[in-house]
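These notes open a run of structures that come right after.
The two complexes that follow have chain A in common; it is paired with chain B in the first and with chain C in the second.
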Partner chain A sequence: MLRSQNWKQFLEETGALSRFTSRLFSQWFRPQYEISEFLRQCFVIGYKSLPLVMLTAFIMGLVLTMQIRPFLVDYGVESQLPAMVGIAIVREIGPVITALIFAGKIGSSIGAELGSMKVTEQIDAMEVSGTNPFKYLVVTRVLAATFTLPLLVMLADAVALYGTYLGVNIRSTTSFGLFWTQVFGSLSFGDVLPAFVKSFFFGFAVGIVGCYKGYHSKKGTEGVGRSANSAVVLSSILIFIIDLIAVQITDVLGLN
Partner chain B sequence: MSAKTFSNIKLGLFVLAGLAFLILLLYMIGRNRSLFGSTFEAKAHFLNVQGLVPGNNVRYAGIQVGTIDKINILDDGRIEVSFLIENKMKGYIRKNAGVHIATDGLMGNKVLEITPAAGEAPLIEAGDILENRSSVNMDEMINTLSGTNNDLAVIAAELKSTMTRINSSTALWELLNDSSLSRNISASFANLRSATARANSMVDEFGGLVANVKKGEGSLGALLTDTSLAGNLNQAVLQIRTVADEADTLAKTLSAIAGDLRQDISHGNGAVHALLKDPAIVQSLHTSLDNIQKSTQNFNEVMEGMKHSSLVRRYFRKLEKEQAKKKEAPENPSR
Partner chain C sequence: MALQEETAGTSRVLQKGAPVLSVQHLCKSFGSHTVLNDFCVELYEGENVVVLGKSGSGKSVLIKCIIGLLKPDSGSITVLGEDIPSLNDEALDTIRMKIGFLFQSNALYDSMTVRQNLEFPLRRHSINLGQEQVDQLVHDALDDVGLAHTMDMMPAELSGGMRKRVALARTLILKPSIILYDEPTTGLDPITSREIIQLIKNVQQKYHAASLIISHDMDCVRMVADRVVMLIEGRNYREGSYGAMISEKDPLIKAFFE
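After this line comes the complex of A and B, so read on.
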């Protein structure tokens, strides 16, 4: 889409992606569930991303705390630091940063994997052998991405809050109990639930874009690289667009 | 197709950890919002809830005990605030407790504060309406402060102009720079002190005097304290009156005499009448005076003649010399 030279190509791409998505939904609920493949994908997509996500989340929590701190000290509300950073992490930083890392790691790997399968005609072979390749390859990956990203976001929140706790303790001292009370005292369901719900959509966007780009990869090695690359770029952009829509919806619902 | 290259245990651990944190997060928030655990409802009525919203905290003597549940407007315009309090607080809150809306910190969230009141009262029950004891709210306080601020601005402006005038006044600065002033002032104070001392001693003396007068010592004392004085005075007054009576009769006698005299003069009896009224006497007096004048002239001539006569000339010379001496004497008194 980003490489589209004109509107026609952009619209074509959008239409193809929409059709791909509707095909996914039509396949989703049909019998012949690939449970074990779904679990394997969950392991690959979710568990294998955990170290990366946790590292970035920890660093984000720590850095954000240290960056905001001088500003709050200026206003004399340094004691609000845990509450403020806690809200920022749970509402926005946790879901979006995790989703971006997730897009970088999973979007590219799905794009490359399916792309190379497409290029080497494994997908066609699968069809011949009687396995529904769409169900086996696409549905499991999209579902795995959709369901593991929220869990990753939750764990990232936890690690980022721990990073925040350490960040607060670098310059001043707070007990873990007080930190805990302050963070949870400032949080409400309106902070946690929209963030949790939108991370499903982030995961879905990453999964579906990666699968689409891989499934429709062009021939040759170049095509695989291109589909991996464009999967990451498009899913990252979609994450921000979904975030924009999500904030509007939560605002309309009065959850902000 | 592909081999099982993953561990179900690790995946399960990952999923459980993620879900556990989500549930923990939701539970902690829910506990803060009093959604779990048993609660009971109480109410309070306000005219103005100052921005209190459902979900705000309820505190009893500063402890978090619940949250605001509903805010409804009643038919009479009052606002009914329903709030949930944890059941475990039932044993502490009494029916006579008051509620007011407070602010968490200076600019923080609104909280509903339940304050215990003195005196015996039964424990609170579900559905009780607690008494509203709203005190000053922030807006009113800020309004008052802004009024005070305006006054302060006016005062500051006036002070400023006063200070400018003081600064521009040369007389005052000369006065302040004058080093002799302090000496003068201290001298004045010394004078004042001695004057006061004198006044003090004067007052003392006067006091003594008054004491003496009271005791009847001295002439004034005698005057004021002597009881016989009044009798004497009375007598004197009586005598004065007798004298006045006598003077009266004297004046009458004198007046009669004067009347007789006038009678005599006007009716030509006696010398006075002749002297005053007779024109012939005036004539003769005239001639007599003429004669006297002539005689004096003659006498002068005679005397001049005598001066030149050898018999008495020596006497006159001697007289002239004495007169010359007298004139010289006062001019040279040291000689």
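After this line comes the complex of A and C, so read on.
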């Protein structure tokens, strides 16, 4: 009984999210365009996430290098360390970890902000004030999340590789030039492009889930907390699902 | 006034003596729960009508149907000669410029200053006003509620009563012909409640706007109402002046007025 109810709830939620997404696409290109709000959201979502993303990326690159080194030393291929960590960061770890951090920071913040606006009737007030709240609040946030995450991923990759460079030089000495030559020498177009493209989908998932959860927030302040929490959980799961699909597509296209 | 010129001629010309707001046989259900069942109310120019009913009796649903935030299941809602449920987004936006709505929760935008909160409806309703005119309108509206000094404060820095006043100033900024108040004194202490009620009366005198006030605050009913409409079980239970209501013998009405 409980199981069938869970399934029903899951299917209802999936249907509602699909309708919400189709509504987004139907309003995406329709005037009036909220350019200034979109730019403000790019600043809030992208620029204000920079310190957290950069810090975690740097630590990620450094720690990953230090963890992998002993294994490569055992096999006598320590010289491959920059190339190996570089590929891992650019292809997989950079985009996924950045997207997960983004989901934690931005997904929860969008969910809580819109949830709070919903329960305090601010969204209704916006509609009464001659504004399409869906365009003003949802479309701008989803677009900003979609377009800023790939930029954050690129910056995070660069910072993580600096962390890697530091990690490599803790136990040995590799010149800056040689390090980057090794990293870029091992990377190909097929490594960079799929990672970049899937970042757009990660950003879209974080934006749409955060907005959906916030926009449909219920039950007062308790509902706001629940919206923020479920926005992070659902968008994190979606990031892994999108990653799985992206790997399969990359494989089929022969870019692996 | 520039704003009045901008908003003029946007609705049909009403016949003299015709109601500015007319709700006829309004029905609204949520699933199997019927909230409004054949409800009717009319509001005339310069009149204050209070819709009185228990919590959960559908008062807020009524007011949200009038402003077009909810679609009624059946019945008609005519505001300044326009049938609200049949309007498209653009026409609804135009008619909303003539309706002020004071939300129960104030609905001030947390992320904006008081000034930005008041500027928002001016800018969003596609009214072509210069910055000087906007500043003047914002100042005048805040001055009307005695809070001109709060212009650059955030809503979180204001007390409950001040937030209500700012929300009222935002409602007034477009100089509406009709003002809808959704429980304007809920959550306020008795003294602040009376101040808000007095403010509503002052506003009515200054702007000559017709007001539909949703409330279960008897002080508000006594001080403001020209006419009281009792909303019980989704329909008009009784209608009349405050004086007529207090002399009613019906136990359901006496329960409110005693």
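A few points about this structure:
Please note the rule applied: the second predicted complex is superposed on the first by the 251 of 256 C-alpha atoms of A that agree within 3 Å, B and C clash if a C-alpha of one lies under 4 Å from a C-alpha of the other, contacts with A are read in each partner's own complex, and residues count from 1 in each chain.
Convention: contacts are C-beta pairs under 8 Å (C-beta built on N, C-alpha and C of every residue); 3 or more make two chains touch, one makes a residue touch a chain.
Remember, predicted model here, so these are calculated numbers, not experimental data.
In the superposed pair of complexes, A:152 makes contact with chain B only, with no contact to chain C. Using the contact criterion defined above for the overlaid structures, shared-chain residue A:196 touches chain B, although it does not reach chain C. Once the two complexes are overlaid on the shared chain, A:185 sits against chain B while remaining clear of chain C.
Within the superposed three-chain model, A:177 lies out of touch with both chain B and chain C [touch as defined at top]. By the touch criterion stated above, A:128 is placed in contact with chain C alone, chain B being left untouched.
Of the two partner chains placed by superposition, A:51 touches none, neither chain B nor chain C.
When the two structures are aligned on the shared chain, A:39 is found in touch with chain B, with no touch to chain C. Which of chain B and chain C touches more residues of chain A: that partner is B. In the superposition on the C-alpha atoms of chain A, the part of chain A touched by chain B in one complex and by chain C in the other spans residues 131. Chain B makes touch with chain A in their complex at residues 1-2, 4-8, 10-11, 14-15, 17-19, 21-22, 25-26, 28-30, 32-33, 55. Of all the residues in chain A, the ones that touch chain C in their complex are 113, 116-117, 120-122, 124-132. Within the complex formed with chain A, the chain C residues making contact are 64, 67, 69, 89, 93, 96-97, 99, 101, 103-111, 120-121, 124-126. Within the complex formed with chain B, the residues of chain A that make contact are 36-37, 39-40, 42-44, 46-47, 50, 90, 131, 136, 148, 150-152, 154-155, 157-158, 184-185, 187-189, 191-192, 196.
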